[in-house]
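The first chain written gets the first letter, and so on, giving A, B, C and D; residue counts start at 1 in each chain.
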Amino acid sequence: MTKVAVIGASGRMGSTACRALDAADGLDLVARLGRGDDVGTLASAGVEVAVELTRPDVVMANLRSCIEQGVSVVTGTSGFTPERLDEVRGWLAGAPGVCVLVVPNFSVGAVLLMRFAAQAARFYESVEIVELHHPGKADAPSGTARRTAELVAAARAEAGVPAAPDATVDSLDGARGATVEGVPVHAVRLRGLVASQEVLLGSPGETLTLRHDSLDREGFMPGLLLAVRRVRETPGLTVGLEAYLDLP
Amino acid sequence: MTKVAVIGASGRMGSTACRALDAADGLDLVARLGRGDDVGTLASAGVEVAVELTRPDVVMANLRSCIEQGVSVVTGTSGFTPERLDEVRGWLAGAPGVCVLVVPNFSVGAVLLMRFAAQAARFYESVEIVELHHPGKADAPSGTARRTAELVAAARAEAGVPAAPDATVDSLDGARGATVEGVPVHAVRLRGLVASQEVLLGSPGETLTLRHDSLDREGFMPGLLLAVRRVRETPGLTVGLEAYLDLP
Amino acid sequence: MTKVAVIGASGRMGSTACRALDAADGLDLVARLGRGDDVGTLASAGVEVAVELTRPDVVMANLRSCIEQGVSVVTGTSGFTPERLDEVRGWLAGAPGVCVLVVPNFSVGAVLLMRFAAQAARFYESVEIVELHHPGKADAPSGTARRTAELVAAARAEAGVPAAPDATVDSLDGARGATVEGVPVHAVRLRGLVASQEVLLGSPGETLTLRHDSLDREGFMPGLLLAVRRVRETPGLTVGLEAYLDLP
Amino acid sequence: MTKVAVIGASGRMGSTACRALDAADGLDLVARLGRGDDVGTLASAGVEVAVELTRPDVVMANLRSCIEQGVSVVTGTSGFTPERLDEVRGWLAGAPGVCVLVVPNFSVGAVLLMRFAAQAARFYESVEIVELHHPGKADAPSGTARRTAELVAAARAEAGVPAAPDATVDSLDGARGATVEGVPVHAVRLRGLVASQEVLLGSPGETLTLRHDSLDREGFMPGLLLAVRRVRETPGLTVGLEAYLDLP
């Protein structure tokens, strides 16, 4: 049994994670830390993996403490800039064997969708992204849609695919969406939706559509459990679930 | 048998119409006019209904000639401004019994979609439109999408529905689409598509999606035949197929 | 303020209804009855409308009691056979002014979808239904899908539409779905879905797709509140929300 | 310039292929063979690759002749049983350097869809397939849907994924589709469609949908040209385009 702690256990994602960890085979949830609880005692409590689900303003302190104690970490907190990742790498340099996995998106489906979109992108003349979210979302397009567009654009650039055809000459402002590295991205905000993303690829005579729908935080639990189970396979810093999906 | 002529018979829409009229029960295609042919002889040839499928620069002369001859007309040519419609009404005032039907869209499905969207719009907090076309299209959004947005907006205004919720504060330019009378409209241009339109409506806990896909000009023929069969029921000027769909 | 009671207030649908009624303008939730509570005291408590959300084995007794007390009822309980409806009509015959509304589906979207499908059905050669639900559902296809197929079939029969074309000669058992009054119905059962229904209509060159997605019981609340607000407009028995949607 | 011949050049697929080969850089279409033309003269005409697009009753004779002449072949003709493939392997054993590529599906999108579905299948509790075709199709489900189901089933078996959950106890015959190696497959036949396939995968809280739409034979040309360009990289017999898509 792997001994696990959740830091940020009283948040919405944290409490869902606690339920999933409680129900998971082979994992023993031994500590649930909320605001004000001391992260510095995890090692002494025998914790082997900490699941860090807090906020950008506290995540770095939590990571540093875990690394110093020799506790591996899976974190889903946002806000990891290249500078922050470098800082974490620095701490890990002095802690051989400690593993940190930064997960921008725990949804296995979202990771698969990005991967498939990038693989398919060079076979099609046109690629566009439509992301659809609840109307309470602050940013448009979503971070996942931007990331998908970047991956798609990189794959097309590498394969030398020319720009997608577009004869539009008479357009209302905004009609053709935002452009992320040359890929049009459209953001729909609709009550009744949670989080969906569609990548549309087209060539003469055929189209390929890849769509991911998230219904609730339950959808993140398979990815979170996978991360907890496998984080200690790779010492040092890893970014993204993809390395652990064993895809060809 | 109703005697029918096609004006613009050698164009792409015209030649498809000729094939459909040839195959239709109860209709007798007696004249196919191309560029340079004389429209003024239709009545003497016994033509009862002319199908006018030409260009904005010649349609008005064709309509005037038909009306003067007492020949009813179905036209699918674009470019009918309110001023043009008034001019046609003026000609018809002096030609009792002559019927002119101006059809912005021969697709029965497109007409149904607009109608259903307008009927459903007041029951939902959010409405957005995504239209998807081949990349050779010059305008974005499509005329049908704009018209749909106008109908949706009018229905919501009449029912007193407040603006759709949208918490976006951080947006890439264009991400949230164009706004037509308050309704976000997104235009996708993708090789491999012909012409599609999707209206998405959402309220807490449910969404309704209405989608129309056009594959080719065949999809316009049922509406065109319906128009030819029924145009003479309504003397004067009629705009749109909807009046002949016998909807409740 | 209309005084309202919920019978079955501790069930999942009932508790959602209580929250919605508590938050609704113009409605005053004065009684929440659970198992064992006495339905016979509603009138003396001033209740004007009872929302009955229980089970087929108790609904009839509850309806009878409400009618005898002169309390109007909205019920979403299932199991109303023609015989049961006749029995309710009999009770109402002796209670002038009392109104009972039996609602097979509180989802406004589901009602709109059925209506639109029936209206569109006669314009298309082909119609099929795909319903998609969570894998815990016991019946396939869903009651809503069957009802939709029946409405579609009736509309096509009335319009004299021939059977949909189908050249299938070599088929795996079940591949072409179940047939409800001549309409193929396919039932998908998928973890991660709640309840969706898609009606596909096709003619040469075009297709029309109508889709409804239910995410949770919140989606039933607008229909339930509408029912409570308007049930007393129509004395006697009414079946279905449609009468109150003010559609043309 | 690679010298290419088309065998079956007057068929629908063959004539589309001729147009595509004529327009393609680096390929020189030097021979178009129809019924009655002599396949035995291809080598003497300098043909390096033959594109064989005929019928199951003549394809084997054509392959044998090409192999004997030392001409490599890409064939899209159907009906290759394991026995036929073995026979071709036998002929190739005596013709070192000759390459034969048997392509069950020239659509790159269909090949990608199958691959992605198989890769994703082990991450989801539920998988179902909906294929949608024009109503003139004789078999249900389609060969591509069957093959997709087999690949999905094999991937799940290898990963030890249990059977998808399904609580259906009360079902109309056919409602739950056909079962191909444990995967439910639903076949929709709808006028206005050409050929589409959708793979739906679901787990708690999320679904992934992969969809491919074919509009016309143009959609096969990128795969056909790719095959012609690369067939001579791999001496002997190869089945399927996938080997040439350079996927990871």
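FYI, a contact is a pair of C-beta atoms (placed from the backbone, for glycine too) under 8 Å apart; a residue touches a chain by one contact, two chains touch by 3 or more.
Each chain and its UniProt protein: A, B, C, D = 4-hydroxy-tetrahydrodipicolinate reductase.
In this text, all values refer to a predicted model and were calculated from it rather than measured experimentally.
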Completion exercise
Residue numbers at the chain A-chain D contact, same meaning over half shared and different meaning under half, come out as same
Problem - Chain whose average C-alpha position is farthest from chain C's own - result: D
Problem - Separation of chain A from chain B, taking each centre as the mean of its C-alpha atoms, in whole Å - result: 45
Practice task
Go ahead and note the Å separation of the Cα centroids belonging to chain A and chain C.
Solution key: 39
Practice task
Indicate the whole-number Å distance between the mean C-alpha point of chain A and the mean C-alpha point of chain D.
Solution key: 35
Exercise for the section: Check each residue of chain C and list the ones that touch at least two other chains. Expected result: 192, 201, 203-207, 213, 215, 219
Handout entry: chain C-facing residues of chain B, complex
Key = 107-109, 112-113, 116, 119-120, 123, 201, 203-222, 245, 247-248
Problem - In the complex, chain B residues that touch chain A - result: 124-126, 128, 130, 132, 135-141, 164-180, 184-193, 200-207
Completion exercise
Contacts from chain B onto chain D in the complex sit at residues 192, 194, 213, 215, 219
